[in-house]
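We call the chains A, B, C, D, E and F, going by the order they appear; numbering starts again at 1 in every chain.
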Amino acid sequence: MNAQRSVLVLNQSAPYGSASARESLDVVLTCSIFDMPVSLLFAGDGVYQLTKEQNGSAVGQKTLEAMLSALPMYDVDSIYVTRNDLINSGLQESDLALPVQVIENDRLPELIKQHSTVLTF
Amino acid sequence: MNAQRSVLVLNQSAPYGSASARESLDVVLTCSIFDMPVSLLFAGDGVYQLTKEQNGSAVGQKTLEAMLSALPMYDVDSIYVTRNDLINSGLQESDLALPVQVIENDRLPELIKQHSTVLTF
Amino acid sequence: MTLHLLNKTQQNTALIERMLSTLSDGDQILLIEDGVYNALPHSESWIDSKDLKQSTYALVCDIEARGLSSRIRTDIEQVDDKGFVRLSCEAEKVVSWF
Amino acid sequence: MTLHLLNKTQQNTALIERMLSTLSDGDQILLIEDGVYNALPHSESWIDSKDLKQSTYALVCDIEARGLSSRIRTDIEQVDDKGFVRLSCEAEKVVSWF
Amino acid sequence: MKFSIVIQSSPFTSQSSSTALRFARTLITEGHELFRVFFYSDAVLTANALISPPQDEQSLPVEWQALASEHNLDLVVCIAAAVKRGVLDTNEQKRYEKNAQNLENRFELSGLGQLAEAIAVSDRVVTFGG
Amino acid sequence: MKFSIVIQSSPFTSQSSSTALRFARTLITEGHELFRVFFYSDAVLTANALISPPQDEQSLPVEWQALASEHNLDLVVCIAAAVKRGVLDTNEQKRYEKNAQNLENRFELSGLGQLAEAIAVSDRVVTFGG
């Protein structure tokens, strides 16, 4: 086994319209169970995954918010959103279901560099 | 059976990257076999379906251009592209494998109105 | 009159511009699935720039699923599945944008 | 150094802006699949505005399949599958944008 | 009013198939006629009888099948799209010499002509994709 | 160098699975090691043995299987994603009481832990999606 790997999971899709949000969270939780440091970046439409008061049953799906709330229990606490994407989403920070780190766009190159693997969804 | 229906097929996807281009052409040819008047609008990335000198075998696929060339034999000759989309595509009219009607954007509402059914791909 | 169904977010600018360029006077737009995010308050919304708030609707179950009930614009009418069917009947045809 | 794979056309402006905002100096970009259309001559190309023509490559089999061999810009280097593997090895990691 | 529905997207990665199902139910409840549902492209995967969703999740094949049984609906799966994607009825299983068929009950494999006919006879054709 | 490949998209509507196959072949030819190919999301559909493409078209299951046989590759299909999409091995067929299994030879159903392991031990992880 090589030196310790760290993973950045990049979430770019809105929840419910596609399965990508749930499938990326499954990967995050699994990496965490395997003691691999994992960070999350919600970008573009991915920011919508964080919206409060979701209710998937209205469209016959499980509520994503429940899975998201499990992240702190799995010691996943490096969760990032760029200020730019948050503004473009039309949501406020107070609309989000989880505490996130709001970063400027110019932090992104560093975030990519800090992780040995980047998985996009 | 109701009064004669006419179909507008709207192609918005580039060829090879997705299956949408081929599947929409299959629908066009079928409608034509069933004597239903059918028009095609290539819009956005769909304009790329019309590029000359395609060679699908380079990526293990059938060449779309061969299917396209069959359109006139099936009496499908209402083929539209907007000038705007053609310019944005980075192609010239001389790069296209088929004669098409280049129309201005303001003709689009009329095109939708003229057909009883619009199928998007 | 045509009913346009839109199921993608405002990030899909090329798709939305294409839809807008096909609109005739009196056409209606129904935001479904991820399309309902277009009804959040955006600073440069096409709904405002094209003055379409009176002809745009949003599907209520998709709004609820996404946690948007208290967040979306109040000047866009919400319809349920019955409203979706009714709008489809009132229109001469339904065009889907995805 | 990171290798960025892009397989979508220039219409996907939000995706491309996102990719561009993550670039570090020395990063490389490989256009694959529908991404090769970015290498057509466009009047407002991100390749020019960000001065990236020397760090952008395009996959030759995707260019050929799409009939673009004689149409794409000559200042962007074309690589085959071996080149794809080589670029992946030279980079510390590979990030896919789709 | 006479409706037909066309579904294009994978039921696993897109919400379309699920929205189409609700739309179908509602239009029937509202007294309209559903002439045909045509599954095309990756939407043909909806007819795979081997789909086994988690217990607390919607099973689209089962729900479509139940709606079809109740209202005698015509669920047509594009045969060319289906065979290519590994959704086979008994005939296609034999033709391609495979060891199983996996087409869900109440779904039927047929050609694109069924889509053309649906367009010809329906007052409204609604497409669900993306 | 040790590679792993992750594929996410439907092999029928996206070019990804086909590009990934070429990338896999080439990296092996170039003397690198392919530790694992992990099929996730709609890419699990690549492992459906009932797929019957037209005679003049590429069969991805068959080509992956051939490459795997030749180079003893590890083709792992995410079990949760597969079962939900109707791609079953004999065990899952029994568990869900279905009348057939349809997992192509050389593919194996397993958990996401196999992806985590691939990330941990590989020098490069390349994702194909979209």
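Here, a residue touches a chain if its C-beta (ideal position, glycine included) is under 8 Å from a C-beta of that chain, and two chains touch if they have at least 3 such contacts.
In this text, all values refer to a predicted model and were calculated from it rather than measured experimentally.
Student: Using direct touches as single steps, what is the fewest number of steps from chain B over to chain D?
Tutor: 1
Student: Would you pick out the chains that touch chain A and also touch chain B?
Tutor: Correct list: C, D, E, F.
Student: Fit chain E to chain F on CA atoms, both being copies of the same sequence, and give the resulting rotation angle in degrees, nearest 5.
Tutor: 180
Student: More contacting C-beta pairs: A-D or B-F?
Tutor: Looking at contacts between chains, A-D has the larger number.
Student: Need the CA-centroid distance for the pair chain D / chain E, whole Å please.
Tutor: Measuring from centre to centre gives 38 Å for this pair.
Student: Indicate the whole-number Å distance between the mean C-alpha point of chain B and the mean C-alpha point of chain E.
Tutor: 25
Student: Would you pick out the residues of chain C that each touch at least 2 other chains?
Tutor: 7-8, 11, 14, 33-34, 61, 93, 96, 98
Student: Spell out, as numbers or ranges, the residues of chain A touching 2 or more other chains.
Tutor: 16-20, 44, 59, 61, 117, 120
Student: Give the residues of chain E touching no fewer than two other chains, as numbers and ranges.
Tutor: 12-13, 15, 19, 22, 41, 57, 81, 125, 127, 129
Student: Viewed as a graph of touching chains, is the assembly arranged as a line, ring, star, complete set, or other?
Tutor: Drawn as a graph, the chains match no named shape, so other.
Student: With touch defined as at the top, which chains are paired up in contact here?
Tutor: Pairs satisfying the touch definition: A-C, A-D, A-E, A-F, B-C, B-D, B-E, B-F, C-D, C-E, D-F, E-F.
Student: Report the residues of chain F in contact with chain D in the complex, numbered from low to high.
Tutor: These residues of chain F touch chain D: 1, 3, 9, 15-16, 19, 22-23, 25-27, 29-30, 32, 124-130.
Student: Would you pull the chain D residues touching chain F in the complex into a rising list?
Tutor: 5, 7-8, 32-34, 61, 81-82, 84-86, 88-89, 91, 93-94, 96, 98
Student: In the complex of these two chains, what residues of chain B are touching chain C?
Tutor: 10, 12, 43-44, 82, 105, 108-109, 111-113, 115-118, 120
Student: Going by the contact rule at the top, pick out the chain B residues touching chain E in the complex.
Tutor: Chain B residues touching chain E: 1-2, 5, 7, 19-20, 23, 26-27, 30-31, 33-34, 36, 117, 119-121.
Student: For chain F, which residues are in contact with chain A within the complex?
Tutor: Residues 6, 8, 40-41, 80-81, 111-113, 115-117, 119-123, 125, 127, 129 of chain F touch chain A in their complex.
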